[in-house]
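Down below is the structure, laid out as C-alpha cells.
First chain written, first letter: the chains are A, B and C, and each begins at residue 1.
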Amino acid sequence: MSLAPLSLHKPNYLSVSNTLRSWLLTTDHKRIAILFLISITFFFFIGGFAAVLMRLELMTPHADVVDKEAYNRLFTIHGVVLIFFFLVPSIPGVLGNFLIPIMIGARDMAFPRLNLASWYLYLIGGIIVLTSILIGGADTGWTFYTPYSSVYSNSAVFTMAVGVFVAGFSSILTGLNFIVTTHTMRAPGMTWFRLPLFIWSHYATALIMILGTPVLAIAVLMVAVERMGVGIFDPALGGDPILFQHLFWFYSHPAVYIMVLPAFGVISELVTCFSRKRIFGYTFVAAASLAIAVLGFLVWGHHMFVSGQSAYASMVFSIISFTIAVPSGIKVLNWTATIYKGRVWLTTPMLYAFGFIGLFTIGGVTGLFLAAMAIDVHVHDTYFVIAHFHYIMVGGTVMAYLGGIHFWWPKMTGRMYPEGWAVFSAILIFVGFNLTFFPQFLVGYLGMPRRYHIYPEEYQALNILSTAGASILGIGYLFPFTYLLWSLRRGPRAESNPWDAAGLEWQTTSPPPTFNFEKTPIVTQEAYAYELVSQEDDLPGRPNPTEGEIPVLDAPPQEDQP
Amino acid sequence: MSSESSVLAHHFDDLEQQHEAATLGMWAFLVTELLFFGGLFTGYTVYRWRTPLAFEEASRHLDLWLGTINTGVLLVSSLTMALAVHAAQLSRHRAATMYLLLTVLLGAGFLIIKMVEYGHKFTQGIYPGSIENIHVPPELAAQGVQPNNVALFYSFYFTTTGLHALHMLIGMGLLLSLAVRTARGRLMGEAATRVEITGLYWHFVDIVWIFVFPLYYLIGLT
Amino acid sequence: MWDFPLFPEAASSVADRVDAIFIVMTVFFGFISVLIAVLLVYFAMKYHRSKAADHTPVHSKTWKVEIAFIAIPLVIAITIFVWSADLFFETQRAPTDTMDVYVVGKQWMWHMQHPGGQREINTLHVPVNQPIRLVMTSQDVIHSYFIPAFRLKQDVLPGRFTTMWFKATKPGRYHLFCAEYCGADHARMIGQVVVLSERDYQQWLSSGTSSATVGTAAAPRIGQSMAQTGEALFNQIGCNACHVPGDATRAPRLEGVFGREVRLANNQSVLADEHYLRESILHPNARIVAGYPQPSLMPAYADQITEEQLNELIEYIKSLSPEDTGAVRP
C-alpha cells in the first residue's frame, strides 16, 4: 500500500501553534476533538469518583460511609455526569470529531465554528452542573422523575436541569455537523457505500441527536419551569407525572443508542483492521445502524411497564423492543464472521474489541429479559437493570472508547502507547468490570432495588464482590490515563500507518496536518479492502474484486490554502 | 475567482458545496426545533384531550384581537423576509437592507404587542403559576372544569409563547447583523446564502405561531 | 458470610412461572453468549496471523447467512415475547374473588387498610392461597410497591389509583420495597408482607394486635370494619343527606353501583370501579350520572378528606349490595 509521503518537517495540527488562544479559539476539528478528550476525561473521573464512593457505601448494609442525603446526591452526580458529560459526547466528541472529516477526505467539518460552539456549550453545561453540585447537589437521579424533581425535592434541581439543557444543545450541534458533513463534504469517489462503518454509525447517532435531544431539552425545561411554581406535571396542579416519563424516555431510550452506536462504528474498524479482512456483510452492518436509530424511537414505553401504562401499550413497546435484537444481533454475528478465517492480530485495541463483543452480547441479551414484560415487572428498578445497562454502557461503550483511543492514539498524537502496559490494563479492566457488574445481575434478581444506600443483610456478599470488582476496575482505569500521558513525551514516534490499516485517516501523516491531507484524496475503492493489502492472499484464479489501483492518494493539484 | 475565494470558507471546495451545506444544516436545525416545540405541543394535546372545556374556557380569556393582529404582523414579516431573500439573490443591496430592516421592525412590533398582551394578563392576576385568580364560571364548574386545569393552559401558553418570543429575538438579532452587512455592500454569494437560511429560520418561527394561534386563541370560539 | 441466597424465594402463584421464563432465557442466552465468546477465542487462536491456517477470504454471497442472522433471532424473540406477554396479562387481570386491601404510599411509609378495619404500617398480613388485590395511591410522589418473592411490582401514583393482585402460595415473611426513588428515605420505605396460613390469619384478625401494633392515633375503634368506618364518615360529612338508601330522587343510589356500567348525562357510560368512585367523590362534576342536575348539587371533596378516608368511603360503597333495599333499578 502506498503511503502519503512523510513530511515531518511540515507543521502538523498540534505543532502549528502553541498558544492557549490558538486552542481556545480553534476551529480545527482535530483540536476540538482534543479539547473534548481533555474535558470528558475530567468529567469521567468526577463521575467515577462518585461511583467509588457509592460502591464503598454499599459494602455494608448500613449507612456508614456516607449518609442518605449524600448517597442520593452521589448517584445523581454519577448518572448526570457520566451520561450527559461522558458517554454521550465520548466517542462522537473525541473520535467522531477527529476522524469523520479525515475518513471522508474532507478538510474540516461543514461548520467549524459551530463545532467549537458545541464544545463551549458542553463546557458551560458542565460548569453549571458542577455549580449545582457545589451548591448542594440534586437528589433526583439522572431521570428527574416528576413530581419529586419538580415539586418535592429540596435540592439544586433547577441548576442541574439547566446544565443538562445546555449540554443537550452541544449534542444537537454535534449531530447537526455530523449529518451535514457526511452529506456534503465527502471527497471525490467517496460514495455512500464506500463510507467506513464508523461514519455510518455516527450518521445514525447524529440522527438521534437532532431528533431526540430537543425533546429531552423541552422536558427538563418544563421541570425547571415547574420548579418555579408553574404547574405542568404535578397532579396537585392538574398535571400528569407520567407525561414527563413519556417525554423523558422518548429521548433517553434513543440516548442509549447515542451512546452505543458510535461504539459499533469503532468496533467495525478495529475488527476489520486486526483481522485483515473486509467486514462481513457491509450493507447489513450499515443498515443495522440506521434500523437501530429508527427502532430506538419506538420503544421508550418499555421503561414504563409498571408505571400504570395500559397493558396494550406495553405489549406494543415490548414487541418492538424485541425486534431491536435483530439489528444488534446482525452486528455481533457479522463481527464474529469477519474474524473467521481472518489473520488475527491481538493488539490492545483488538483485545478491547473482543471485550466489547462479549460484554455487549451479555448486555444485549439481558435487555431481552427486560423487554419481556413478565420478567421486567420483577426486575424493573432493581440491580438487574443496573447491571444490564452497565454492560451496555461500560462494558460496551467504554471498552470501545478505550479501544478506539488506543487504535487512533498514534494518529492523534503521533506517539505509540506502551503495548505491554496497555494489554495488562485491558485485561485488568475486563476482569474488574465483570466482577463489579455480574454479581449485580444476581442481587437484582434477588430483588435489591436501585438507589438504596442500605439494604437487607442477605444481599451483602454479592455487594462485597461488586465493590471488590469496582476497586479493580477503578485502578484499571488509572493505568491508561497514566501511560497515555507518559507516551505523549516518551512514547515511540508513530508512523503514518502503524497498523497497516485501510481507511483514509491512515493515508495522511501522524499527526495530520491542519487541513488533513496534502492533496484532496480521490477514493477509488470500498472501505476495508484488507484482502488486497495482505499479499499472500492473492490466490491465482480468483477474480480481483477491485479495478484500478489501490492508492487512494491520487489527486490533481489543488490551490494552496490560505 | 478572487471575489469567490474571499467568501469561500477554507474547508469547502466551491460555493455550491458551501451553499448546500448551509441549507442542509438549517433544515436539520429546523427539524430539531420542530421536535423542541413538539414536546410542548404534545403536552398541550394530552391535557387538552383530558380537559377540553377547561382549555376552551382559558382560551376565551386571551385577547383574540391582539392575537389576530400579531398573526397578521408575522405574516407580513414573512413576506418582507421573502422579499429580502429575493433581493439578496439578485445582489440588490439597498432593497435587501430595507426589507431586512422592515422584517426586524415587524418582529419588534409583534413583540411589543405581545408584551402589551402579557401586561393585560398580569394585571388580571394571571401569570405563570397563578391559580388563585382563576375563577371558573359556575356553569363550567358544573361540567367538571377545575381551576387547576385552567391554570395548566396558562402554563403552556406562557411557556410556548415565551419560547416563541425568544426565538423571535434571536431571529431579529441575526437579521440586524445581516442588514449591517448588506448595507455595507458585502452582499456576495455567501451573504446571500446567509440571508436565505436566516429566512428559513424566520419562516419556521412564523409557522410555529401559525400553530400557536389557533391552538391557543381560537379553540374557545363557539 | 458464604451462606447467602443466589435465587429469590418464590411465594406467589406467578413467581414460579416468571422464574421459568427467566431460567429458560438464562440457559438459552447464556449458551449463545458463551458460544460467541468461545468462537471469538477459537478464531483468535486458530486464525492468529502467526498460524498457517486457511485464510481464504469468504467471498460467497453473504445474504443467505444474513437472512439466517435475521430470521433466527426474530423467531426466538417473538417466541419469548408471546410467552411473557401471556403471563403479563395474567398478572394484570385480577380474578373476581379477590380480597381488596387499600394501600397509601407516602414519604416514607406504606399505610395499609384492610376491609376488616385493620390498619398497618409497612407490614401487610395476608392469608395464603387467597387472591389479594391492592388498590393503591400515593399522597405525594411516585412510589412503587415491590414484593420480590411474588415477582410483582406496581408503581403507586399520586392523584389516581393503580392496582395489583397476587395470590401468595407459601406462608412466610417477605420483603416489601419501594422501588421507585422517592426522596431522602427511599431506602427506608421498606417493610414486609407476612403470609399466614388460614388458621394463623384468623387468629391474627381476632387478636386485635393488628391495629394495636400500628400505634396510630387516628386508628379507628378495634373491631370496626373499614366499611363501617366509611359508613360513619359517610353520615358524618353528610353524604347520607342525598344518597338515601332506596331513594334515587336527589342523588344516584349507591347500593350495588360498584362494578356496574353507569349511564352518564353525556350519553356515554362508564364502569363504576374504584377509579370512577374516586373521581366522583373528589370531583362530582367530572362525570355526572344521567338524569341528575348539572351542575351537580354535591360539593367536591378534593382537599376535604384524606386518601385513607376516601378509601373508607369507597369500601363502604362497595359493601352496599343491591339487596339492601327492596327497590329494583331498571
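Keep in mind that, in the parts below, a contact is a pair of C-beta atoms (placed from the backbone, for glycine too) under 8 Å apart; a residue touches a chain by one contact, two chains touch by 3 or more.
What you see is a predicted model; the values in this text were computed from it and never measured.
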Q) Quick one: most central chain, C-alpha centroids? A) A
Q. Taking each chain's centre as the mean of its Cα atoms, which chain lies farthest from chain C?
A. B
(Q) For this structure, I'd like the pair of chains sharing the most C-beta contacts. (A) A-C
(Q) Between chain B and chain C, what distance separates the C-alpha centroids? Give it in angstrom. (A) 46
Q: Calculate how many whole Å lie between the centre of chain A and the centre of chain B, each centre taken as the average of the chain's C-alpha atoms.
A: 35
Q. Using the touch rule from the top of the page, what residues of chain B touch 2 or more other chains?
A. 146
Q: Identify all positions of chain A at which a residue touches two or more other chains, and write them in rising order.
A: 236
Q) Across the complex, what residues on chain C touch chain A? A) 1-2, 4-8, 14, 17-18, 21-22, 25, 29, 32-33, 36-37, 39-41, 43-44, 47-49, 53-59, 62, 65-66, 69-70, 73-74, 76-78, 80-81, 83-85, 87-89, 91-92, 107, 140-142, 144, 146, 148-149, 151-155, 157-160, 162, 175, 177-188
Q) How about chain A: which of its residues touch chain B in the complex? A) 101, 106-112, 114, 172, 176-177, 179-181, 183-185, 210-215, 217-219, 221-222, 225, 228-232, 236-240, 243, 246-247, 515, 520, 561-562
Q. Across the complex, what residues on chain A touch chain C?
A. 68-69, 72, 139-141, 143, 145, 147-148, 151-153, 235-236, 241-242, 275-278, 280-281, 284, 305-308, 311, 314-315, 318-319, 322-323, 325-326, 329-330, 332-334, 336-337, 339-346, 354, 357-358, 361-362, 365-366, 368-369, 371-375, 377-378, 380-382, 442, 445-447, 449-456, 458-462, 531, 534, 536-537, 539, 542, 545
(Q) List the residues on chain C that touch chain B in their complex, please. (A) 283, 285-287, 294-296
Q. Which of the residues in chain B end up touching chain C in this complex?
A. 138-139, 141-146
